[in-house]
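Order of writing sets the labels: A, B, C, D and E. Residues in every chain begin at 1.
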Amino acid sequence: MNFSLFLTELWNARMNLLAGLGDTVLISVASVLLGTFLGVFVGLAMTYGNKPTRFGVRLYIDFLRGTPVFVLILACFYILSVVGLDLSAFQAGVLALTMFCSSHVGEIVRGALKAIPAGQTEAAKSIGLTFGQTFAYVLLPQALRQILPTWVNTATEIVKASTLLSIIGVVELLLATQQVISRTYLSLEFYLFVGFVYFILNFLIEQAGRAVERRISIP
Amino acid sequence: QEASKLQQVLDRGHLILGTGSTNPPWHFIDSDNKLKGFDVDMGRLVAKALFGDPDKIEYVQQSGDARIPNLVTDKVDLTCQFMTVTAERAQQIEFTIPYYREGVGLLQMEGGDYADYEALKAAGSDVTVAVLQNVYAEEMVHAALPEAEVDQYDSVDLMYQALNSGRADAAATDQSALRWFMVKNPGRYHDAGYGWNPQSYSCGVKPGDQRWLNFVNTVLHEGMTGVEFPFYADSFKTWFGTELSVPQIGFPVEYK
Amino acid sequence: MSPILTITDLHKSFGDLEVLKGIDMTMQKGDVVSLIGSSGSGKTTLLRCVNLLEDFERGSIELDGEAIGYRHDGGERRRLSERHIARQRAMTGMAFQQFNLFPHMTAIRNVMLGLTKTKKMAKDEAYAIAEKWLERVGMIERRDHFPGQLSGGQQQRVAIARAIAMNPRIMLFDEVTSALDPELVKEVLAVVRDLADDGMTMLLVTHEMRFARDVSSKVVFMHHGRIHEEGPPEQIFGAPETDRLRGFLANSEM
Amino acid sequence: MSPILTITDLHKSFGDLEVLKGIDMTMQKGDVVSLIGSSGSGKTTLLRCVNLLEDFERGSIELDGEAIGYRHDGGERRRLSERHIARQRAMTGMAFQQFNLFPHMTAIRNVMLGLTKTKKMAKDEAYAIAEKWLERVGMIERRDHFPGQLSGGQQQRVAIARAIAMNPRIMLFDEVTSALDPELVKEVLAVVRDLADDGMTMLLVTHEMRFARDVSSKVVFMHHGRIHEEGPPEQIFGAPETDRLRGFLANSEM
Amino acid sequence: MNYDFNFSVIWRNWELLAQGLGLGLFLALVSIAIGCGIGLLAAFGMLSRHRVLRWIAVAYVSAIRNTPILVLILFCYFALPQLGIALDKIPSFIFTLSIYAGAYLAEVFRSGLVALPKGLREAGLAIGLTELKIKIHIIIPVMLRNVLPSLSNNFISLFKDTSLAAAIAVPELTFYARKINVESFRVIETWMVASLIYVVACYVIAWFLRQLEQRLAVPR
C-alpha cells in the first residue's frame, strides 16, 4: 500500500468524492422519504383495503421483493425510457430505490398495525373517535415506535443499495471512487476507503435511530 | 417532419455527449476533476465544429451498456465511448466513420533481452508473455507468437508487475492501453511494433437522421485529414504519445 | 320520565351462531343494572351492541329517545354514517376488561383525547375536566404517568375516568375487575360504587355477585342469548325463581 | 461400608452472595435423602455442585472415594480438565425441574445419546439399554415420539430414564414435579418411588412433603445455605426440633 | 404507447438465461453453505467469554453488514490481488458472498443460540458430554431447526444478490440479460423476462425451503 500517494490522490479527488457523497446522501434521503411515504399507503392498503386491493398490493410487494434491486434499477432505467418516460439515470435510480423501499416499509407498517391489540381501536371508538382520528392519534403513534428499528434497517439497506446506481452511470460515491481508481490504480486503498465511508454513514444512521428510539420509548 | 438533430443542437446551444468516466485514456476524470480522454476529444471536436467552442458540451456519464439505449431514447445527441463497430450493433444505431483502430500490441521493457516483435517471434518458446486473464487469452497471444509461454494475470497492474520484474518478456494488451501506459511512464517501455486483432472504434448516433450523421462524419473526417487535423493530432499525441505524420497533400488518399 | 335506554327485540349473530336472541330491556336515569350469566351467554355482546362496537341485525336500541346505529328509510334499515355513529358512541361510555389505555399517552392525555378530538374542547378546558375525573377516581397524583407505569387497578381507574369524562348518558362496564389481582379489585369496585351512589346510570357485567347485589337497582340473568330472569337484587339472589338461575348462583362464589 | 457420597465443608458463592455456607453430608449406597427448605435456601445449588454444574470455592465432594471437580497439587487447588470433569459428571445422574429433553431427538435417542457419545457404546447395545429403561419408566410405547409430542409427566419420565441409563452411582432429582400439572405429578413420583424401592441411591429436592416422608431414609432441612436440621423422616416431620423447621412445615401443605 | 413486443431474441437466448439462472443458484447455494460455517463461528465468537474473540466477531459482523455488497465485490475482485489474493471471477464472487452471508447468518444464529433454553446444555453436561459434543449434537441441530425460516429468507436474498456478480462479468442471469440487451436492444422484453425469472425463482425457492422446513420440523 502506498499511503502517501493515496493521501495525495485523495486530496486531489476530494471535490469529486464529496460530490459523490452528496449524491449518495441525496439519493438515499430522497428514496427513503418517498419510499416511506408510498410504503405507508402500501401498508394501509394491505391492512384496511378490500380483497382486490390487498391482492393487487400483495402482487406489487412480492414482485418488488422477488426482484434483485440491481435488476430493478436496470429495468426502471431502460424500460421507462423506451416507453417514452424520459427519466434521467438519477431519477430512474431513485424511482427504483423508492419502490424497493416502499415494499419494505409496506410490510413493516402492516406488521406494526397488526401487532396493536384490537382493544386499542375499540377504546378509541368508544370515546367517539372517527377512523381517521383513531388512526392518527392512537394507531399511528404506537405503530411508529414499533416501526422505527426496522425502518432504520431499511434506511441502511437503501444507502447500501444506492451504490447500484453506479451501474447506470449516476456518479454517486462508488462511481466517483471508481473514477479515481481508474486514473490512479490505487484500488486497494480507495475501495477500503469507500467501504469505510459507507460503514460510517450507516453507523451514524444506526446511532441516530437508537437515539430517537430511546427518546420516544414509552415508559 | 421533425427538424434535424443538427438544428436542434444548434438551437440548444450545446452538445449532449454520452461517454464513460472510468477508462483512461479514452474517458476518465483527471486529477483536475475534468472529464478527459480521446473519446472526449472527439466530442469536443464536434462541439467546436458546431459552435466554434469545444467546451459547449453537456456530458452524460454512462456505463457501457447504456450506450445504445441512451442514443435510441434521445438522452444524448452523440455517443463516443470506445464503441467497437459490429454488424449486429449497426442494426440498432448508426455508426460514424471510425476514428481509431484498436488492436492488441506487445509492451516490452526498454533495453530488455528481445529488441522487437521479430526477436520475440524468433525466440519461440523461450519467451513468456503476460496477458490479462480471459477465455481467449492464450489463443490470442498464439495468433501473434505461436510458441510463446502465456502467463495469465488477474488485473492490469499485476500484468505490468510481471513485466517489470522480468517474469514476462512482453505484455499483450490493447494498443490504446499500452500507449497510455507508455505516456504515463516515458522512457521505460517500448512497443514491440506489431498489432493484431483489429477492431474499429466509431461514434454512434440515433438511426434515421442522415443530416446529423453526415455532419458528424464530416467533422471526424476533416479532423483526421483536413482543417482540424492539428486538433486530432494533438489529442492523439496527448493520449497515445505518438506524433502523427501530416496527411499527404495533393490527391485525397481515400480515392486512390 | 322517559327511559334513558330502550332495547327492543335485539338480535345478533356471528355467522351461523345466534348470540343474542331477542333482548328487551329499559333503563331509567340513575338505574344500575347488573348483567350476570354464565360464560358465553352474550353479556359482553349486548354491551358491545349498545356501544355500537358490533353491528346487529334486528331490533333497535334507543338512547335518550334517539335510535342508534341505524335509521329506517321507509321500511329499509340503513346503517348510519361512520361519523354519525362515532358521535353516538360518545353518548355511551365503556370500560373494558383489558383497560385498553393508550400506552403512548400519560394518564391525563388518555382522558383528554376524547374531549379534545371528539368534543373539540380547548386543551385547557379538557385538562381541567380530565383533572376533575382523575381526582374523582383517585388517580390525580399519577396524572403524568404512562399506563406501563401503573398497576392494573390504577389503569382501570384511569380507563373509567376516560370513559366518564365524555359525560356519557350511560356507563357500560364489562367485567372491569376480572383481569385484576384480588388486592386490586377492591379499589376499582370502590370507584364504581362511588359513581353509582352519585346517580350515574350504569349497565355492568360482573362476576362479583356480592358486588352486584350491593350496588344494583336491578339484576338481569342472561342465558343462551336471552334474558332468563330479572328483578331487584334481593329477589334474584334471595329468591331465584328458575332452576337455571339457582344452578348458576350455586356455582358462583358469593 | 464406605460412603458413596461425602460432602465436606462445601462453600459456594455467586459474586458477593454466599449461597452454601459449609455443608457436610454423607450418603451410603441405597440411601434416599430428601432436601427440603424454603426457596433460596440453596438446595438446587447443592445438587448442581454435586453434578459439577457449578464450581465451588471451598470444601470437597467425594463420590465413591474419588474427589470430584478439583485436585490438590501440593496445597494448590486445581480444577480438573474439562474432559475429566465430563467423565465425572456421568457418575451422577440429574433430573431437572424443566426436563430439558433434547427436542430434536425421539425419546429413545435422548436416552441413547449419553451412552453412545460419553460411554462410546455401540448403537445396538445402547438401544437395548435405552429400551430397558424406557420400559422401566413406562415409556416404552412412546420410544419414537419427540418430546414435543409428550405430556410433561411423560417427558420427565424420559428424562429420568436418560439420566439413569448412564448407570450413575447416585441420582439427583431437583423438584422433578414442580413444573407439572397436578394430575401428572403422580406418575412421575411413582417412577421415583419405584427406583427408591429398588435400592437406587438418591438425593432429591422436593416440595412434596408427603412424598418426602414416604420415600426417604433421611430428610435434610436447609436454611440460608446451611443444614439446619436432619434426621429420619419420622423425626423431621413428626417431632421437629427447631422453630424454623416447625415454621417451614406449617407453611407447607402436607 | 405503441411498442411492438418482440420476445424472439429472448426465446433465441433462453439457453443462456437458463445457464445464468443455474449459475446464480449455484453461487447462492455454495455461498450460503460456506456462509453458514463462517456465521456459526462468528455467532459463537459473539457469545464467547473471551473478550478478544467477541470483539473480532462483532467487528466483522458490523463492518460487513454496514458495507454495500457491491463495494465488497469490487474490493475482493480488484483490490485483494494487491494483497496477493488473486482469485478468479467466480471464486472471488463466492468468497465475497460467503463473507457477506456469514455476517448476516451470524446474527441469525446468535439470536437462535440466545433463545435456546440453558437447560439443554446442562442436560448435556449432566450425561457427561463435553462442550464440543454438546454443540455438535444438541445446540447446533436444535438452533438450526429454530432459525430455518430466517435462513430461508437469507437464502432468497443471497440468490438475489447473485445478480451483482454481473458487475465483475460473472455470467449469471443478469449478465446475460445485459448482454442480450446490448446486442438486441429489446430492453423492455429482456428486463421484463429477467425480473419475472427472478420473481418466479424466488417463489419456487421459497416453496422448496418451506417443504424442507416441514420435513425437518420436529413433530409436536
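Just so it is clear, a contact is a pair of C-beta atoms (placed from the backbone, for glycine too) under 8 Å apart; a residue touches a chain by one contact, two chains touch by 3 or more.
Remember, predicted model here, so these are calculated numbers, not experimental data.
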Leaving out subunit A, the still-touching groups: B, D, E | C
item	value
Subunit C onto subunit D, rotation angle from CA fit, given as a multiple of 5 degrees	175
Label of the chain whose CA centroid is most distant from the centroid of subunit D	B
Pair with more cross-chain C-beta pairs in contact, given A-E and B-E	A-E
Distance from subunit B to subunit A - Cα centre to Cα centre, in angstrom	39
Cα-centroid distance, subunit D relative to subunit E, in whole angstrom	45
Where subunit C and subunit D are represented by their mean Cα positions, the distance between them in whole Å	54
Multi-partner residues of subunit C (at least 2 other chains)	none
Residues within subunit E bordering two or more other chains	78, 82, 178, 181, 187
Numbers and ranges of subunit B residues touching at least 2 other chains	69, 72, 155, 157
Touching pairs - complete list by chain label	A-B, A-C, A-E, B-E, D-E
Footprint of subunit E on subunit B - complex, ascending	64-65, 67-69, 72, 88-89, 92, 133, 153-155, 157-158
Residues of subunit A touching subunit C in the complex	117, 119-120, 122-131, 133, 137-138, 141-142, 145, 218-219
Subunit E residues touching subunit A - in the complex, by the definition given at the top	1, 3, 62-63, 66-72, 74-75, 78-80, 82-83, 160-164, 166-167, 174, 177-178, 181, 187-188, 191-192, 194-195, 198-203
In the complex, subunit E residues that touch subunit B	78, 81-82, 86-88, 178, 181-185, 187
Residue ranges of subunit B touching subunit A (in the complex, touch as defined)	20-24, 28-31, 33, 60-63, 66, 69-70, 72-75, 155-157
